[in-house]
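Consider the two complexes below, in which chain A is the common component and chain B and chain C are the respective partners.
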Partner chain A sequence: MGMTAAELKERFGDTVFDSVEVEARGEDMVEFALACGETDPCFTDSSHPDFQAPANFATKYHGARMLPSDFPKFDPARMIDAGKAIEIHAPIRPDTKLTAKSHLHDIYEKTGRSGLMVFLVHRMEFTDESDELKAYVDWRLILRGGLQ
Partner chain B sequence: MSARSYESVEFGEDLPEVEPDVGMENVKRFCRSAMMYGPRFTDHEKAKKEGLPSAIVPGIMSQGLLGAIIHNWAPGCTIKSIDTVFRAPLSVDSKPTCRAVVTDKDDDTHSIEIDLTIVNEAGETRVLGTAKVEL
Partner chain C sequence: MRGAEVSALVILDLHNHSIKSDDGRAKVENYCQWISKKGIGVDGFVLTEHRQFDAESDYRPLEDEFGILILKGSEVETDYGHVLVFGVNDEMQTAFDFTRIGLSAELVVREVKRCGGIAVPCHPGRTQVGMLAHVRERGAVDGVEVIETLNGGSRGSENDDAQSLAEEFSYRGIGGSDAHIVSHIGRCSTRFDQDIEDMDGLVEALRTSRYEAVRVSS
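Entry: the complex of A and B
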């Protein structure tokens, strides 16, 4: 019998298991914005006095690990991407070094027509060099059948 | 400061529909900026070998398209959050439509909530979500 969502949350919840450093490059911010159809020069013109990354720019970053190293093993084919959310706390400026720390923000389960599903909410917390919070990026993953 | 005032926004107001550019060249441009090098996004034939109907638009690009229609509707607004569900793949080189509607207003914070969808040519919802925006 695998672990329940409550047991997983008790063991793994809110523990940082990964930390990476990335650089938000100005030219990438412009290209990202233009490809998405942004027209406001504060997103598309790096010489604009309020130049900043478009709202969901931080979603492009990944950590080194998706789950804690000691997380129970499962068949990756049973995992589904259930969506992504970003909560913006401060603009990301060009050529900022960001630290992204990952933890499992929530773990819960639902039972639907296709049976048990465990939801894992992988949160990356982005801060800059002065430790100012920039954004949370939540990636929701569904594990069909739970941990069998 | 937003070019669109909080008072001028009506509950239930539709934002202008947008037909975003999800052609191959623009998706490749996005992928370079996002460091997404998987061929499923940039090569129809390789995507088909992975069992997909065609190359697919990255989910976070869909999210960015939805963010842009908000910014273009209310320049200077501040998107506080965007939450999206990637219900089904959106094909590269297709002709989708982005739609958005104001579903809530908060007088205390001058913020609004917007429901977001991207539908394909057949009218099927491929991406849906919600944004919170300060005006």
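Entry: the complex of A and C
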């Protein structure tokens, strides 16, 4: 690929490359909560006075792009999913229209038993119609073998 | 130090990661709670965050609340695998870039010592990230005096290989859990026969031979 992790971060970091709009419907929130094994009625009962989405709800959404359109090409067989982390800022209430903007929040290298790895941290930032920040979802992708 | 007589004054777990590391899932407070609740036999632990030194966090309130010594070091990545760094100071942080992978191990060992600290190659028996295979291929690193012979995240055979390496080169050995989650802290530690109250004391103690790597049970 010809660029170091630091150069990629400088080139692509913090630039929004995707934006999608989704609606957090109450029935979807209940279905998601039940699928996760939630039992607290504030997540499973839409008539509950404090009804809201479970903490990990925003992880169900994905954008139209995984990486910027001009991101250097690599063999997708070298990529593995390293999971998602969520940072909650405000409860997501039913029937909220959310905007999710994606950017590469971090790009870094590390070494493990299998050798060199490059971590790409795809951050989706969820806001509501009044632009209130609801959550960050950080999706880590590992490129095994580095940026060759 | 295998088999040596060390009458314990202090037992410290010298290798752990908190949520400050990208792959750490444990809060420092939760480590303290776990040690306290489970009666883990350690007097303190060192946070060795990956590729960084966490200068900003102040754990003194937790030390006071739980009566546990909490020290801060780092784990950097070199051409001979990962290396624990104890005694980090401002001068050392300008001597080399902690965030870089593929640092020269020889440079790290030399600069850490020049700046008053001590560098300890960790989990040397592991492939890629341990020193052993690199030593076999390219020879030993000048200046290494201590290696981690007991690592909580390594396989038994990898720790055996680390111990053999220590014996072959007369390295002293330390133990650390390499905990990334709460329940892993205190699996492996280092038993000192002298009191240690701060990082300066730890570095001074590591320059002696009055310690040994141990497994700790609650």
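Rule of thumb we're sticking to: the second predicted complex is superposed on the first by the 146 of 148 C-alpha atoms of A that agree within 3 Å, B and C clash if a C-alpha of one lies under 4 Å from a C-alpha of the other, contacts with A are read in each partner's own complex, and residues count from 1 in each chain.
Here is the rule we go by: a residue touches a chain if its C-beta (ideal position, glycine included) is under 8 Å from a C-beta of that chain, and two chains touch if they have at least 3 such contacts.
Bear in mind the structure is a predicted one, so any value in this text is a computation, not a measurement.
In the superposition on chain A, A:Glu109 contacts chain C only, with no contact to chain B. In the superposition on chain A, no contact is made by A:Lys97 with either chain B or chain C. For chain A, the partner with contacts to more residues, out of chain B and chain C, is B. By the touch criterion defined above, A:His48 lies against neither chain B nor chain C after alignment on the C-alpha atoms of chain A. When the two complexes are overlaid on their common chain A, residue A:Phe119 makes contact with chain C while staying clear of chain B. Residues 28-29, 31-40, 43, 54-56, 59-60, 81-88, 138 of chain A are the ones that touch chain B when the two sit in their complex. If you check the complex, the residues on chain B that touch chain A are 18, 20-21, 26-27, 29-30, 32-36, 59-61, 63-65, 67-69, 71-72, 75-76, 78-86, 129. Every residue of chain C that touches chain A in the complex is listed here, in rising order: 22, 50-51, 77, 81-82, 99, 101-102, 126-129. Interface residues of chain A facing chain C in the complex, by the touch rule stated above, are 108-116, 119.
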